[in-house]
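Presented below is the structure to which this report refers.
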Amino acid sequence: MTVRVGINGYGTIGKRVACAVKAQDDMEIVGVTKTRPSYEARLAEMEKFPLYTASEDQISSFEKEGIATKGSLKDLLKEADIIVDCTPGGVGEHYRKMYEEAGVKAIFQGGEDHGLAGISFNAYANYSEAWGADFARVVSCNTTGLVRTLFPIDHAYGIESVAATIVRRGADPADIKGSALNAIEPSLKLPTHHGPDVQTIMPWLNITTMVVKVPTTLMHVHCITINLKKQAKEQDILGVWDSAPRVRFVNGKYGIKNTAQIMEYAKDLDRRRGDFMEIAVWQDGIKVRGNTLFYYQAVHQESDVVPENIDCIRSMMRLESDGMKSIQKTNSSLGISK
Amino acid sequence: MTVRVGINGYGTIGKRVACAVKAQDDMEIVGVTKTRPSYEARLAEMEKFPLYTASEDQISSFEKEGIATKGSLKDLLKEADIIVDCTPGGVGEHYRKMYEEAGVKAIFQGGEDHGLAGISFNAYANYSEAWGADFARVVSCNTTGLVRTLFPIDHAYGIESVAATIVRRGADPADIKGSALNAIEPSLKLPTHHGPDVQTIMPWLNITTMVVKVPTTLMHVHCITINLKKQAKEQDILGVWDSAPRVRFVNGKYGIKNTAQIMEYAKDLDRRRGDFMEIAVWQDGIKVRGNTLFYYQAVHQESDVVPENIDCIRSMMRLESDGMKSIQKTNSSLGISK
Amino acid sequence: MTVRVGINGYGTIGKRVACAVKAQDDMEIVGVTKTRPSYEARLAEMEKFPLYTASEDQISSFEKEGIATKGSLKDLLKEADIIVDCTPGGVGEHYRKMYEEAGVKAIFQGGEDHGLAGISFNAYANYSEAWGADFARVVSCNTTGLVRTLFPIDHAYGIESVAATIVRRGADPADIKGSALNAIEPSLKLPTHHGPDVQTIMPWLNITTMVVKVPTTLMHVHCITINLKKQAKEQDILGVWDSAPRVRFVNGKYGIKNTAQIMEYAKDLDRRRGDFMEIAVWQDGIKVRGNTLFYYQAVHQESDVVPENIDCIRSMMRLESDGMKSIQKTNSSLGISK
Amino acid sequence: MTVRVGINGYGTIGKRVACAVKAQDDMEIVGVTKTRPSYEARLAEMEKFPLYTASEDQISSFEKEGIATKGSLKDLLKEADIIVDCTPGGVGEHYRKMYEEAGVKAIFQGGEDHGLAGISFNAYANYSEAWGADFARVVSCNTTGLVRTLFPIDHAYGIESVAATIVRRGADPADIKGSALNAIEPSLKLPTHHGPDVQTIMPWLNITTMVVKVPTTLMHVHCITINLKKQAKEQDILGVWDSAPRVRFVNGKYGIKNTAQIMEYAKDLDRRRGDFMEIAVWQDGIKVRGNTLFYYQAVHQESDVVPENIDCIRSMMRLESDGMKSIQKTNSSLGISK
């Protein structure tokens, strides 16, 4: 029998997680929620995802537009074993009690605090921590990106300290606000919350972060400086990532010099929605000097957490006890090579 | 037997036409050319497209990167019945003689002059004009966009005159130049060449155009004013486009208010590369005042000409005599609804 | 004795009008208002403009930051003969009664409806209409731009009809919202309100407008098509504008091809704040075909209305009965050549 | 007698240095060069700067446009005591011999290699090094920015090591190329040349840099992490910069949160061209943790080197032996408070 998954919030992340669930053979979508009868509500129909509203009073606005719904979230909770909460950051908190009372497990996204779920999740780093849990949180796109490359390096060579500058995209492609059109804006409160967020997965890690927001929509870029405990050469480090899941090399010398070119590459690879779910590391943008390692990576903010959500469902629902097997199953269903 | 198609120039347009050819049952790709061993050369391999260089002296640079080629364009010409020339604007002229001497038909793109081929092509407006021809030119993305909506309106109500302002995207998404980062730039030479280019398909049409370039990468937008010969209401006009091929409505009231949201929609529709091959007309952005019709449309510069190239191959290779049948066959293979 | 002017709303427009008033010999600034103790409040001090808050309850937040105020708007109204209301669009309505009760004249900006003041103002077109009036409205930046070039052409050759496409900047340079970062967005409600707004100054004019918003901050660009009543050549039209106030030619062939280059030019001209208060018309971007005239112009949204406000004060305060003399006086004080 | 200064290359930097020289009482502009008769050539006339072409064969193209010149660079060299070479990066090398043969001193800009002049200059850090020299190089905008804040900190507390991420503006405001419209692009060759460039001024400093280019035009932002030799509190560090020349605080809490808002502030301050010649440090964007200091600063790439060029002239021409006195003289003439 397949696990019945509901998506609360069929937006940027929600629609991607829903399609990823659909691509699995051990889980299925039993419903998705929308708050307004936008075109995305009609797309749910195209995907054959049963449509629910977030609250009961929204149903009539859907009816007015001729969009049939199966009820509201309250009804969806009766159909689902687990909810993936993809509501906007800070909103998940409001729903936690509702999930609990309905006896339905739930996964929150990185916009929520660690404390809401008590468990923060990354498939490679701590798959088993979510085993059978009622609540877990898949960490944010940036934290997922940092953990994907830091965890294997820490394992192989030991990390003394990390200083990372996160150059954030100003807004998602179709968003109307979030960034001045022509400005760079630093996050003045230092150090930013990203370091402590990585520590919800790797509590022993000495990491500090600075952040600037820039007027682009495609990806975040991380400029990372690591002091290593053991010496390593560039080739050693690249070798570690070559074996790590969901890290993919790109090369400036083959014409992939910036985030727009990574996104072009993703379209060429025929990924659903042109998503790039791996962390892109520039193979020709790495340097070791003494014990210090420098490298650049890019994070597709809309999609890198999607496979993590699938693995998190498997761990919480006890579908697969071996994390690496879950990762491989997810990857192979989504066209991720490793 | 299927028609053997070669692509000269596996770039933004070339790779899309190649994938579209691959999706047909009456034609196949026998080779694509690249000038440099970039990542796109490797992608051709992924697609199982035989790889050729543009000129013989480029072969060694591919060998150095460990990329095998089948030879150069000269060799490809021996394998192909027809070449789709997707080289940069103005370069096609250089190759025309080579195609002619090899006895291979060729389609040029809108960056070339009408005179190079003598026939300018749009599947709905003049499919039969390319019948059996040795050379034809698929008009540019903007001209294709204008013809798609003007031709059916002219047929139904008659057009006295058209004034269109074309708001151009500054550069394609992964391009490094073409536009200042924060500026609007008019095309000062008036009227611009777009009117005469539409007249290569609709020579009787009274049309003038103005153009500004703006710092965005996703789509062009046309602001069109038509003086109609016969009176029509908004609903009449929408009805005409509803029956016309490759015109698709979008709605601001359902959340598709700008070009970024159209591109998001295209990703959701699961089109290859997130392309939107139809012309997007805003259903709630149209007005008739007296005999004057105002409307907005958006053109995906990277892809709207792709299905036109397929139909053009069919007409030139005498694969299908009925233009509407070719259009439907192409559409259905590419996920275009009408 | 000089006229005592108060500025309600010391923001983008307010601070510019204040500096322009300061440059006149027949008027002076008696106070400006701010709602928050931002850096602009401190700049008012630097300019020696007495500082007031908008409402009484805001005074304490200024005191907390150590910024002294002279009281609130209520107090300023006792000191002023006339208020220039530069509050955000739609807010002026709220203050009208307060001005009236205090017996203080007021000028509103283009974000307010014509009806609020009953008189819409452009110095060249209808200076005398505001003579001695209690309330008037200086029309918006775009309307000012259209009237500056249309009014003299209509006078010289007669305008049958105008169709203009307005390519709007997405947001002012330092604004945080207003536009998607990478999108073109049409104003779907057609025709847009800009035509009727021009008609508040030129009620006889047959004008329709379409509008798209683009991701840039510097200037609006207008693409204008006019059907003329009498024939004219390009040189005739340029001659008309050469004699019209506050229209200035720029040339692509001398390196001013886009709005960023106009702004660079304005900086080089040593205008206060790099403002370009004239309407910039491309001298090499004009064409007459039969009776139809095409041209491009650019509008500096932050400043073109500033000299109009000065002239409007003069007309309302009966400082100068001859409009052209007021225009010249204002121009010469602000470095505008004609 | 005043020192006679020539500017080779009246462009972005050249025109600013020329205006700054004009504002001094101990030097004057005897000529500026242009290669093309663009609008900037006419602006030189407006400023009363004698105009020369770069080479003799360019004179006729100026004559065609009716712009009189005084001859070419060869002629200017007869009039000048010192040339400020503001030609594009890498071009200065070509002119060095010509200056030398004419017996004229020359200052190069940061786009040239240190070796070309042998002396790299920053007024606060090493004013006396250029004393009487024939050639010197004012370091680049980014290097100037780093030295301005690092040098005083190193002096006060000692710097163990610095890691800086430079977030570069993609192009200057009126440039047509240099950056993709919607992308972040890292400098893959690590560490970048900026560290060694700082070491031309502070050879003892242990500094490494990473760089990303982003689609904005206004300023560069530096995210800086310093390991200090001696403990210091945030207030101590701010106190050091408060005493250092050409460092100016901005505050997010007063509404200056990003680079666009700094540029708005500069316009409000009534600086020529809206320039911000100081390094802007966010007073509320600083943190000390243990011995590690984190802070953000912004660099106006078009102007921060301008006062340095003036001081460099004074040192090379032996006009003032005390660096601090030269700095104060330059500052006071240009409206820089300290």
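A, B, C and D are the chain letters, set down in written order, and residue numbers restart from 1 in every chain.
The definition used in the following text is that contacts are C-beta pairs under 8 Å (C-beta built on N, C-alpha and C of every residue); 3 or more make two chains touch, one makes a residue touch a chain.
The model shown is predicted, which means the values in this text are computed figures rather than measured ones.
*Asks:* From the centre of subunit B, which chain's CA centre is farthest?
*Replies:* Checked the centroid distances; the maximum from subunit B is D.
*Asks:* Return the chain pair with more inter-chain C-beta contacts, choosing between A-D and B-D.
*Replies:* Greater number of contacting C-beta pairs: A-D.
*Asks:* Indicate the whole-number Å distance between the mean C-alpha point of subunit A and the mean C-alpha point of subunit D.
*Replies:* Roughly 42 Å, centre to centre.
*Asks:* Compute the distance, rounded to whole Å, between the mean C-alpha positions of subunit C and subunit D.
*Replies:* Measuring from centre to centre gives 36 Å for this pair.
*Asks:* Approximately how many whole Å separate the CA-defined centres of subunit B and subunit D?
*Replies:* 47
*Asks:* What positions in subunit B touch 2 or more of the other chains?
*Replies:* 173-174, 180-183, 215-217, 258, 260-261
*Asks:* Spell out the part of subunit A that touches subunit C in their complex, as residue ranges.
*Replies:* Subunit A reaches subunit C through residues 170-171, 173-183, 215-217.
*Asks:* Residues of subunit C touching subunit B in their complex?
*Replies:* Those residues of subunit C that touch subunit B are 163, 165, 167, 169, 180, 182-186, 188, 190-191, 208, 210, 212-221, 223, 225, 252, 257-261, 282, 284-287, 289, 292, 294-296, 298.
*Asks:* Please name which positions on subunit A make contact with subunit B in the complex.
*Replies:* These residues of subunit A touch subunit B: 15, 36-40, 42-43, 46, 65, 173-174, 181-182, 217, 251, 254-256, 258, 260-261, 263-265, 267-270, 272-274.
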